[in-house]
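Two complexes, one shared chain (subunit A), two partners (subunit B, subunit C).
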Partner chain A sequence: MSDKKTKYKEVAYYPGCALEGSGHAYNRSTKALGKALGLKLKEVENWNCCGAMEVKNIDPKLQTYLSSRVMSIAANKMKMDVVMAPCNGCYHNLKKTEYELSHDEKSREVVDRLSQKAGHETYQAGQVETIHALDWIKDTIGEDGLRQRVKNSLKGIKIANYYGCMYTRPRHIFPEKDQGPGSESTSKPHFMDDLLEAAGAENVDFPLKTACCGGAHTLSDSDTSTRLVANILQAAEAAGAEVIATECPTCHSGLEMHQIRAEKTLGLKTSVKIIYFTQLLGMAMGLKPKAVGLHENVSDSFAFVKQKGLA
Partner chain B sequence: MPIHEKSLIRPENLEVHEHLEIEGVDVSGHWSTFIETRVVADYNEALEDEIAALPGGEYIHRCWQCGSCTNSCTVNALNPDFNPRYWIYLIRMGMESELLRDKDIIWQCVSCHKCTHVCPRDVVPEGVMKATSHWLELKGHTPKSHSMIFDEVFSEQVFETGKIEDGRVIKRFFKRTGQALRQPWMEEMVKGMLRNLPIGLLTRMGLATLVAPRTKNWDGAREAIREYVEEREEKNRKALGLDELVQAARNEI
Partner chain C sequence: MSAASGLSMAAIGQRLEALVAAPAAAADADELLRLGEEALEHWIRAKGKEPTREEREGFRLLALHRQGADKDPSFNACRETCRELAYHYNLLGQQPDHPDTAQRARMMALVANHLYLFISGKMESQQLGEFCCSSRPVRERVDSGTQAQ
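Right, the complex of A and B next:
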């Protein structure tokens, strides 16, 4: 635990494409939270897309190459040994690449061939460790550290913690999970619950923590995504949640978009707020709503956070 | 043969009697459904090899039909006809015409990875779904799905510039699929975004859709990817015998 505490204090930061666009609020709040907690981020120089779901669908090995280039820069150019990716998609793809490169000879061949042609060093499995923003906060500051630093407690806010698909599945690309006490669980993840609870929040028992929001087809099969999101929103409200805390830009945008769409197309109105966990923690640490990009969310939570004494 | 599980039987092969009496016994109701007996003879023995040759389909041969994939499937919960276990079975058996009955829904896999998570044989069913959708499109059984068009619009941008700008992807996707960008829920969403955003941020977002963000020193990677994609496409065409198919179609005309 303590070696992670020092190791994760300064990490290579891989925001990814979504955090420069629709998920900018997550980018802003992650940086602001890190700064408030005294953690350092060094953005991966000249990074590229991890390949996302879309390139993976065209050819999984191309996605492996794209992700490996990001890790190669972090390791070989920046001499970093930890890459932190807040986006579940990026995090998943980097983890998957690590797995493929340590298990699959063909993936190693393709990555090596493409890296050589592209003119950069080939990433070798094990050169960096990829972590999520949740690991980053949990292992450096931890629950005790957060408790000591809380300025505006999240007391009285009922939260459903939503982790989505890419953070825990499939289990074999996350060898550090399901390793007993202290480790993350793939069936019932709890890192976000732990952190928000330390900041004073009241977590509700939410059965759809790892349900799918249909993010892959959010535009190409919107009706399916709307039904999946409607399930999540309704289950959160039924569990008594006022807020769904998110840790993935695709899930976050999907929930926001299909909350509106469910109302327009299914006549199903829900009022649960959708807020990034970094925004919630940031406000708990005393940051202003705008400093954590609350104005960049689609859904309007200003009145809500004011009412809860966070603004 | 009386049956009670009908969902996998072709409707035209089902025979249902309102009232039926056999040898003086009333068998009306549950036991009055019969299947027309038939012999399947139209196998495509190459089907499994073809799917396995496409990216994502490599491990289909490992399946032992436990059904964990279908049991865990997000889309199956919405539509019981979405049945990865059954499709893998059909592909391995070479039962192409049966598979084609579901050709219009296979692309709907949302890649939630629940199947890959629970599969005890590392078949990567999610990958098989993607390979099967590609196969259907490459063989001309289905038009390109909206999912495939989205993947292409997205990937083209990544290959070209190294990264994507999501506003631009969305616009191109709507254009290429012939959908209007102005949909009521979309307008509502944009209104929601504009409510609190300062002018500076709006300008930055507007600029990003005009001037695409680019990864520096991307030329080498772009070229390497282009070569790889060409090589891969050639391989797929060969594995599926597409050139022969096109030639055969030409000869018929």
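Right, the complex of A and C next:
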């Protein structure tokens, strides 16, 4: 049994704000999938926002502190050594914080000062390892494990895997990636492709898998977001995909909402379904669509999954 | 590899829109690559620099992207889009008679369009934000003395 396989079997779970709101289907499906696979999640106690983009853009060091607090609770209070964050924004910010605390004295000083003020132990770089939900499934269960557990194969479903722009960027905060066989690639990520293929899906060659979806423009410049998403949806359909698999709540919500908006404002109708990879894997493991929160998605995929024998 | 034709950003967008809508052909590859380069040139000029004439890995497009991302790492969010554009250009150039040529050409048009949309979105919001959030004015108003650091 590999180190990671043992180490990741029980992890501190940091859902983040989005998974309590617009991305609740991702929250539900992540928990349900973990349970179905025999993996344990211990939610980080009294967690806070990672600082996301809003705080980071006003005061980057405050974002570093906020993310460090989450890791401090996991490490010092819960005595956990792995934090799993399914949201790309949270995952990115925790990794960025880890990097900054390892390389920047000023960040260490600010985090220490604010931690003392807040009355909790200061997080020290290296106390926990932050992983994504993709790492969690890939390194504990893996492709072979999934193949053995498949109850409803995803066979016949053509999928474009969409990772978004924060899962692999900037490369220097993800030192474990690009390390050869078995590691994730920052230029052509493949973990989601690998897992869904193991569950029977047919992945299509999708050139925009790490392209920007305009997620952060959604409120300030909706038209730009709609055009970016419309282009992603068209590219997925041109690649032959019936489904875009997602692993980020911001990307997922953006794709769903702007799919509707693109039809209204651009007259562009696309029929590709947008489904979290945890929902697809969960249904492949035999879970019912409602158990993985399919009813919580904005877009309606029930008829599609029924047609594909997943419901 | 290609010379700038001096199209405005809006004109680049209109031309790409037409190419995305039209039946795709391998013959479009040169124009699609050039439109990508021109969009990058606009970004670089908007940042007050002269677009490079150099190439990286045989593509001026990649050299322009690198120049555009200098001191602006968020611009790397279009790095793979640029590389996919170069990849599709190579596919179409080296295998013009491949049975998937029309599909590849359509995909190249969509990739070029994505590059344009990304850059135009960034340029549009440049006065408001550096990238994801429209926060530059907020950040500039908040004097460093009032921040946690």
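Simple rule for what comes next: the second predicted complex is superposed on the first by the 310 of 311 C-alpha atoms of A that agree within 3 Å, B and C clash if a C-alpha of one lies under 4 Å from a C-alpha of the other, contacts with A are read in each partner's own complex, and residues count from 1 in each chain.
As a convention for this text, a residue touches a chain if its C-beta (ideal position, glycine included) is under 8 Å from a C-beta of that chain, and two chains touch if they have at least 3 such contacts.
Being a predicted model, the structure only gives us computed values, none of them experimental.
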Partners on subunit A (subunit B, subunit C) - clash or fit: clash
Contacts of A:36 with subunit B and subunit C, given as first, second, both or neither: neither
Which superposed partner A:235 touches (first subunit B, second subunit C, both, neither): second
First, second, both or neither for A:53, with subunit B first and subunit C second: both
First (subunit B), second (subunit C), both or neither touched by A:261: first
Per-residue touch tally on subunit A - higher for subunit B or for subunit C: B
Partner chain in contact with A:17 - subunit B first, subunit C second, else both or neither: first
First, second, both or neither for A:69, with subunit B first and subunit C second: first
Partner chain in contact with A:87 - subunit B first, subunit C second, else both or neither: neither
First (subunit B), second (subunit C), both or neither touched by A:169: both
Contacts of A:133 with subunit B and subunit C, given as first, second, both or neither: neither
From 24-32, 96-104 or 114-122, the subunit C stretch with C-alpha clashes against subunit B: 114-122
Common ground on subunit A, meaning residues reached by subunit C in one complex and by subunit B in the other: 53-54, 57-62, 65, 110, 114, 165, 169-170, 211-212, 214-217, 220-221, 224, 227-228
Parts of subunit C lying in touch with subunit A, wherever the complex brings them together: 20, 73, 76-81, 83-84, 87-88, 103, 106-107, 110-111, 113-114, 117-118, 120-121, 124-125, 128-135, 138-139, 142, 147-149
Residues of subunit B that touch subunit A when the two form their complex: 55-56, 74-75, 78, 108, 110-114, 116-117, 122, 127, 130, 145-152, 154-155, 158, 162-167, 170, 173-174, 177, 184-185, 188-189, 192-193, 195-198, 201, 205, 208, 213, 215-218, 220-221, 223-225, 227-229, 232
Subunit C-facing residues of subunit A, complex: 53-54, 56-62, 65, 106, 110, 114, 165, 169-170, 187-188, 207-212, 214-217, 220-221, 224, 227-228, 231-232, 234-235, 238-239
Of subunit A, residues touching subunit B in the complex: 17-18, 20-22, 46-49, 51-55, 57-62, 65-66, 69, 110, 113-114, 117-120, 165-166, 168-172, 186, 211-212, 214-217, 219-221, 224-225, 227-228, 256-257, 260-261, 263-265, 294-300, 302
